[in-house]
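First chain A sits with chain B, and in the next complex the same chain sits with chain C.
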Partner chain A sequence: MEYNVITSGSKMVIELEGRLDTTTSPKLDAFIRNSLEGINELCIAMEKLEYISSAGLRVLLAAQKIMANQGRMVITGCREEITEIFEITGFSDILTIE
Partner chain B sequence: MKKIWGITFGGLHSKILSVLLVFLLAIIGFTSFISLYKSLTLKKIVEKSGVEQHDAIENVSGDTMYQVIEQSLTKMNDLRAEKLDDEFTEIEGYIKMLRDLAGELFENADTLQPATVPLPDPDNIDQLEVHLLYEEGVDYQHSEYVGIVGNMTDTMVSLVETNDKVESCYIGLADGTHVGVGNGGADKYDENGKQKPFRVRHRPWYVGALEKGDIFFTGVERDAFNNSMNITCSAPVIINGRTVAVVGIDIVLDNIDELIAEANSDTEFVFIVNNNGQIIAVPNNNSIFQLEDSDTAEDLRKSDNKELADFITQALNEKTNLETVTLNGKEYYLIGTPMKTLNWALISVVDKERTKAPTTHLLDEINRINADSTTAFRNGTSKLSKITIIGIILIILIGAISSLFVANRIVRPIESMTDNITGKSGNGAFEMKDLYRTGDEIEVLAKSFDKLSKDTVKYIENITEITKEKERIGTELSLATKIQVSMLPHIFPPFPHRHEIDIFASMEPAREVGGDFYDFFLIDEDHLGMVMADVSGKGIPAALFMMISKALLKSNSMLGQSPAEVLEKTNELLCANNQVDMFVTVWLGILEISTGKLSAANAGHEYPAIKRADGDFELYKDKHGFVIGGMEGSRYKEYTIELSKGDKLFLYTDGVPEATDAEEAMFGTDRLLEVLNENKDASPEQLLKNVRASVDRFVKEAEQFDDLTMMCIEYKGTEK
Partner chain C sequence: MKELDIEALTDNLTEVMDFVDVQLEDAGCPMKVQMQIDLAVEEIFVNIAHYAYNPETGPATVRVEVKPDGSAVTITFIDHGIPYDPLAKEDPNLNLPLEQREIGGLGIFLVKKNMDDVSYEYVNGSNILTMKKNLRGEMT
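Up next, the complex of A and B:
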């Protein structure tokens, strides 16, 4: 998996690409835990994300928890498979999906 | 590599040695070639210069000798000729004086008293006397001429006495008489004591002067009496056109002999040629020329030897240069000076070969010196060669020994290191020794080995530690796996006495321990609790989270609460101390066995698949709640399904639809339903096996990525 980060001021966009699973999520997890200070709007773009596993969901949950305290987090461009996973796991209830 | 005397052949020793030897041999070869070439060149130069020197000396010396001889000989010859000529000129003076005196006497004969002249006295041997000689039959006692010339005998005596060059003098008279002043003696008498007749007018000097009409020198003539060799100078006395007398002087030849003897040596001699080209004086025992009578002597001007003939001819006319003339097959230098008085010539002869003697000697000397120096050069060269060969051998030996020494210094530490490392000496662990502190690459190498050795030891220790740790963890993990597996109900059929239900379940973790779990338990006699859950993540953390989740779910269920209540309660408990944002998706169902009524709630878990007795497996899209442990205060909706006899419920975790092949294609729920429906009436156990086999076929050799957990319940209804 690869991800691109575009930061402008307090707004950050993370573009995800490939598979976010057990092996790849720790990298994104570490990034999110260390880089969100001063960010009040986080956008996670999933146009190129093919798959997300429960470990990936955990990273999103962590991010959501952090952002809930300092602003908002938005998920954009989910594919059908990803949306379905969000639906199944109930993440669609707690995440702001646009 | 063979080892002899501690030297390893084929190793660095022999390589260094070979390099050095090749280098040495190259240098030696090069210098040898240069010195050989130089010495050959030098030899050529020496030889060439020897020849050139020889030629130069020969030429220069020859020229010089020629010049020296020409100068000295010309001068000497001239002096000698002049000296002799002077003597003859003197004699000529005397003869003129006698002639004039006799002439005067004859002219004044009238006024003179006739003088008498005695006959020779036999007792006057070797004593000067005046004597009268006469031809046979001449009346000497009445000779008028004798009376005239008898007046000049005193003068003649004094001439002979005062002049040692004049042996005798005389007057031959036309009437056949002869008045002479000379040594007397018995030679003028015969054995009978009778005076010998003297043929005055036939004597060569008389005839010569008469014929010439002027002063005449005879050749070398035998003395009429003592048979000695004489030269006579004569002159006619002419009165009124008639020759009345001929005056003559016998010249002592001792002077000429003396001169000739004086000039005679091994290398040169002098001879005199008269105007007829005849030799009149030559050293005795001369190998080339002999003195002969004038009537037999050869005219050298007509000699068969053209060179000699030409030379003599020239010499009688003018001074010659130094000429080379071959005599008796040998070359001689000849130089001639004419003697004007007599029209003779004095000729000096020098052996040309002998004149070369100094040159020859010089050349011999030089040749000897050259030969000596060549020998010395050769000896020196051979000595030098020997020294050079010894030197070369020494150099090679020293070079070999020192290269071996150097090689040994290089190789020994390396060998020691090798032995050290391979365990031939020591325990195989590298030890730093003073031997390796060479200050060069070897020390660097040794330090590297030292570091490598220490690192290796450390690494081995680490590896051992890690391996131990790993083994420990492995043991613990396998233990954990066992614990985890034993935590899940794994004895089938689990409730042999309950014929209403048939349950089969399996869990295969992707690693030793997994995050998936299933559970089923009887809450009471009529209620069966069923759990299918998936903890986010895998491994030990997931397993631990699973354990607590499982325990909470079961214990909450056992309290008799509804599925939604159980989930909400469990969520609260899990969220309370969740530091790691872990969560678990849970499907929880409680079946009332007696009625087939299934109450269930879904916390973010996969849709269950339900097969009605006469239908296919289909996904039951129930209402989902949020995952458990994710957020406090989550609420869950509950739903109810009435199960009839033969209905089956298939539960699974996302490991099944998300099983991925090598091309990253997912198995998917469609394939799941397909494989379930292929043999939909099979027992739960068989259904699980079918799904499992299908998943295996799908993923092929791709690694199992996620836990694979499945559970299937068949409701068989209550017994009638």
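Up next, the complex of A and C:
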């Protein structure tokens, strides 16, 4: 998995690419936990994300909890398969998916 | 039928996924179904890696059987660790608000939701978890 980060002022966009799984999630989790200070709008762009497992959902949940206290987080560009995972798990109710 | 004997370590997850995916691709499995199966394989293998032999490590066997007509797959995980039925875990409450949501149990829940049939048995010192999935995208 690769991710590309674009920050402008208090807005951050993280573009995910590849597979967000048990092996790759810790790296993204560490980045998010250490990088959100002063950010009040976080966008996670998933156009190129092919796969997400519960380890990836855990990272999104942690990010959403942080952002709920300091601004907002949106998810964009999900493929159908990934949208379905969000729906099955009830994540579509707690995440803002655009 | 193909089998992979591998040490139950999360570092080996990629090898397990590749082993399963090659056979699904050979069977002409649609991408969406493959992702659903991948999710289940990851959750079960990682579970074994984390808990079966904790704090030691040990072997696991992954068996993949695709029906000759390519219509369904059965994937079996065998380990010789402590008896543990992951299916006994209660499903998470999906209606809780954000602050109360926890991720525990979500993995197994995804396994149950994404596969058509999942069963567990403990036989002669082995945990055996078997899951089945129709590859044509219809529920069995």
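We take it that the second predicted complex is superposed on the first by the 98 of 98 C-alpha atoms of A that agree within 3 Å, B and C clash if a C-alpha of one lies under 4 Å from a C-alpha of the other, contacts with A are read in each partner's own complex, and residues count from 1 in each chain.
To be clear about the criterion, a residue touches a chain if its C-beta (ideal position, glycine included) is under 8 Å from a C-beta of that chain, and two chains touch if they have at least 3 such contacts.
Everything numeric in this text was worked out from a predicted model, so none of it was measured.
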Partner chain(s) touched by A:E2 [first = chain B, second = chain C, both, neither]: neither
Which superposed partner A:D21 touches (first chain B, second chain C, both, neither): both
First, second, both or neither for A:S54, with chain B first and chain C second: both
Intersection of chain A interface sets (partners chain B, chain C): 21-22, 50-51, 53-55, 57-58, 61, 65, 88-90, 93-94
Of chain A, residues touching chain B in the complex: 19, 21-22, 50-51, 53-55, 57-58, 61-62, 65, 87-91, 93-94
Residue ranges of chain A in contact with chain C within the complex: 21-23, 50-51, 53-55, 57-58, 61, 64-65, 68, 80-81, 85, 88-90, 93-94
Residue numbers on chain C that touch chain A, as the complex places them: 10-11, 13-14, 31-32, 35-36, 38-39, 42-43, 46, 94-95, 97-99, 101, 103, 106-107, 109-110, 113-114
Of chain B, residues touching chain A in the complex: 515, 534-538, 581-583, 585, 603-607, 624-627, 630-631, 634, 654, 658, 664, 666, 705-706
